[in-house]
């Protein structure tokens, strides 16, 4: 399983050693290497569809503070919970690697950074240790910062700075929360040392069991909100989303693919893993408020998407809206909700990858992403248009495609608890049809452009087909994913439902 | 009274300093008689430092624990470790200095004078007696003043003048505080003084003396209300000297504060001293970062950001309250090593990209990635460490310090410290990443690319620091264990 | 306080010193200032004698009243006429006054509060020899460091003071 | 006799504060330097008063003062050298201001 981490990292090293003058070599090696993690991930996925997880648990760093030892173990695990994320990350990174072909310069920097980013992203999803998680989470920041700032439109530098500031604040909050969490709940008695019995660890499992055994107190609330804030910036949730718009609007599509496809998911992953699972009591009190927040995010995203003039921004707001669904599913904290949220995450990752790849293809030909100046691309570029259509239909939740399953499950999960809110959220699905169709129809139909526009090349077609196939498979046969996540979801939801049962429902 | 004075065996105990002294004499004479080239003197100085380094390492390995002159000078594991850190930092500074275009009046002195300054710093570490402390401190200060004043440009003289005045005032406060303590106890030895001080009888006098001593050392460290000089002086010095000021002098002053607090101040008025330091550290953590945002000249920027790091280095001291334990010392040493690595590296980067005759400015990094991509990568590693991002020494240093502060200090104090550190870190992203932005996103700057590639010593320093930072970030446990093992018996005894 | 000869001497010398320092701070004429300061240094030497530190008094006369004052006089004379005196802003002077006043007040109050039990050690016999013994015994290390320090200061003064080579700015 | 010591110590405090005031308000480098010397002299006086009236049977205080004198002489030497070099480079009118470093900060 360490191959997941090692392969992209090695790739970055190898690429860094190829002189940038050999552009062709750099590009070929880069693209191929981006696909290796995908192969590894698929291998792991195929081997491990029974729910047996890969886990490595080894001592890593240990030192003492005030007579008590602190342990930071190297604890990584690929279980049913992280498997979908890892698969998604592998697919999206490979797609982004291919999209890197559409860049015009600095391929070497792109591939090195992308591979580093891939390493960090895998690390985030497999880490089962608080400090390790934070380490990888932070590590994604740096390559992303460079990627946004080096490739893209005119405003990319500002976008990168805004990205850094927002996420810097997020990770600072996270840092504080992690340290507080370790100090608060990381202590455990070492067997055989009765007197100076205390010792801290940052192991997620230990912390979780300690927290479960502890009586609820004010510190839990503080930690819950600190973690929530940190990940709400990443997800993003409604008032904290502005940085994400800039990134989506200004960075190169190849980078937006990774960003929208994977990085946003890290927010959801962290939020579920730290805020919601660790502190179910706090979640119980805050669930309704958070659900309102989620629905506001959904609606704002949908409404704003209708008003945009730029394709990228439409998709950006659509992402915001979809992330709202994810949040809604997660705060519902029941089987359907969490399953739906996970499903929605994966499906959205794929859809974003497809949509932005199409945008990349179109933008390379037309040099614009303004809806008004695009149009009639259906004739010269039938293939790209078809892919765009598939993505858009999936995004608006057409049954039979993956987007539908996720949203449906989330809504079913949420309906038990908040009827009105769920109805409002369902209403926004209609809106999503409005904005998606407006954009796609505007681009695909209409008078064909004067200039000749070449359709996609093979290398561009391949990833699009692959992703589209995944979307269809997931939509038609959702159990591919469900079977993997079912057990994990049960364990996630169990403490909360127990709590609700004891408390007699919310 | 029998006359007891320095013996030959004492010189062995003081071997690192003695080697430096011998070395500086030999080098000065060689400079006078042989008309040797500048670089060879610099390399000679480097050799002398390595000799002292070897001596310190030998002492550390042999677990030398001896005192000289009734305990005026003590060589123990912690002192040896501090000396090793200081020596490594000084080696880095010399590496930066060798090959820098000469901006000074002198030829050899530009290198040889680092050695007495370093000697002062090392004696400070080992001194357990006020007179020795005072003269060692002055040796450090005056040597640095001369180093600054030797710069040809008038700006260097001006900076030197400022440092003379400020150093004088802060020494006066230090001496005034000491004189009261002397008045209460009749001795200048830390240990005897600590045992004779009587808070019952002279509480207010002792307290005020303590506050004066802490304040005067805070001036040397440049903690915030006393920081203004550091910016001006840092900006007036040539790059290697600024590096020396910001790394060696600052660390020496922090070690001094640590020593004095543990030996003399904490046994008697821990709460007052800790409160004073707490306020200074909190203010420094915030103000230094905010000030740094406004700096464009690199030397000023690093002078200010050094203040924030210095404040961070004091956190383990005040977090532990009355008596820092092995862990506080270990954590401190770890961050000290990280601090040396990242700051020496940063100054090496500044020096490498700097054109003579101008003030180092952030624009000098513009487009560096196009003309020296590998150098740019090394600089990125150092910036990561400075900003406290993983995987770097700076990140783990901060993590250790935070965990220590939170677990040692119950209640609000620890949380306030932690929150300030975190807020400061976020602010620091903004100014540290300015350098990265220049390197990667700006077209090539006005600086000709020649100097970047040819200066091997500075390149070595840069790469050494960058790789060291990353290595410590990947395997922080290793150094922590080593340090804890080495100093365990010193602190416990 | 008994009206002994020592006391009268103290009062006279103390007033001389304070007068000297005040003149030094306040006067506008450069020569007056230097002379006033030299007067304070001499007065200080007198106090040292009263305190039984003849050796130090001698050094004080040589180093301060002698060398330092003369060096300063030379430094001032070598520089071009130096009539205009830069004014500090009033607010700054006021702030300094308040700060120093507060600081002085605190010290003053603390010192008045303190009472010592020690009896004066009258006229130390062989004080000079004892100083020597201490200096080369207990404080030998500090002495060695001072020697290095003085050497560095000497070299530094020479290097900084030497004429510029070439037309450097 | 204890009161005699108090008188000495109070005089020292007065001189120290006067020196400090001078440092804070005067601008001419040489004058500031001398004000620092006044502060150090005050410390010396303080120490000697303690040495005589503190009831300690040794001359540690005298050694203390010797070190202060030696170091401050070194400080003055370097200070005067720097001052003269500055005067030579800039002319005396600029020297009294010593504002270049500040000006640089404001330019930014």
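By written order: A, B, C and D. Residues from 1 in each chain.
Keep this in mind: contacts are C-beta pairs under 8 Å (C-beta built on N, C-alpha and C of every residue); 3 or more make two chains touch, one makes a residue touch a chain.
Computed from a prediction, not measured in an experiment: that's the story for all the values here.
Chemist: Where the centre means the average of the CA atoms, what chain is farthest from chain D?
Modeler: Max centre-to-centre separation from chain D belongs to A.
Chemist: Need the central chain here, defined by C-alpha centroid distance to the all-chain C-alpha centroid.
Modeler: Answer for the innermost chain: B.
Chemist: Rounded to the nearest whole Å, what is the centre-to-centre distance of chain A and chain B, using the mean of the C-alpha atoms as each centre?
Modeler: Taking the average C-alpha coordinate of chain A and of chain B, the gap between them is 43 Å.
Chemist: Express in whole angstrom the distance between the two chain centres, defined as the mean CA positions of chain B and chain C.
Modeler: Between these chains, centre-to-centre, one finds 31 Å.
Chemist: Return the distance between the CA-based centres of chain A and chain D, expressed in whole Å.
Modeler: From the centre of chain A to the centre of chain D is 64 Å.
Chemist: Just give me the whole-number Å value for how far the CA centre of chain B lies from that of chain D.
Modeler: 26
Chemist: Quick check: what residues of chain D touch more than one other chain, meaning two or more?
Modeler: Touching at least two other chains: 9, 16, 19-20, 37, 49, 54-56, 58, 60, 63, 67, 71, 74-75, 78, 81-83, 85, 89.
Chemist: Of all the residues in chain B, which ones touch at least 2 other chains?
Modeler: Within chain B, residues 131, 134-135, 138, 142, 145-146, 149, 154, 157, 160 contact more than one other chain.
Chemist: Please output the residue numbers of chain C that touch at least 2 other chains, ranges allowed.
Modeler: Chain C, residues with two or more chain partners: 107, 111, 114, 130, 139, 142, 146, 149, 152-153, 156, 160, 164.
Chemist: For a test of understanding, state which residues of chain C touch chain B in their complex under the given definition.
Modeler: The touching residues are 106-107, 110-111, 113-114, 130, 133, 136-142, 144-146, 148-149, 152-153, 155-156, 159-160, 162, 164-165, 168-169.
Chemist: Quick check on the complex: what are the chain A residues that touch chain B?
Modeler: Residues 16, 20, 60-68, 70, 72, 131, 134-135, 138-139, 141-142, 145-146, 149-150, 157, 161, 164-165, 168-169, 172-173, 175-176, 179-180, 182-183, 200.
Chemist: Could you list, by residue number, the parts of chain D that touch chain C in their complex?
Modeler: Where chain D meets chain C, its residues are 1-11, 13-22, 24-28, 30-31, 34-35, 37-38, 41, 44-45, 48-49, 51-60, 62-63, 65-67, 69-71, 73-78, 80-85, 87-89, 91-93, 96-97.
Chemist: Considering the complex alone, what residue numbers of chain B touch chain A?
Modeler: Chain B residues touching chain A: 320, 325-327, 330-331, 373, 377, 384, 389-391, 395-396, 399-400, 402-404, 406-408, 418-419, 422-423, 425-426, 429-430, 433, 436-437, 440-441, 476-477, 480-481, 484.
Chemist: Please name which positions on chain B make contact with chain D in the complex.
Modeler: Residues 131, 134-135, 138, 142, 145-146, 149, 154-155, 157-162, 164-165, 167-169, 171-172, 175-176, 179-180, 182-183, 186-188, 231-232, 235-236, 294-297, 300, 359.
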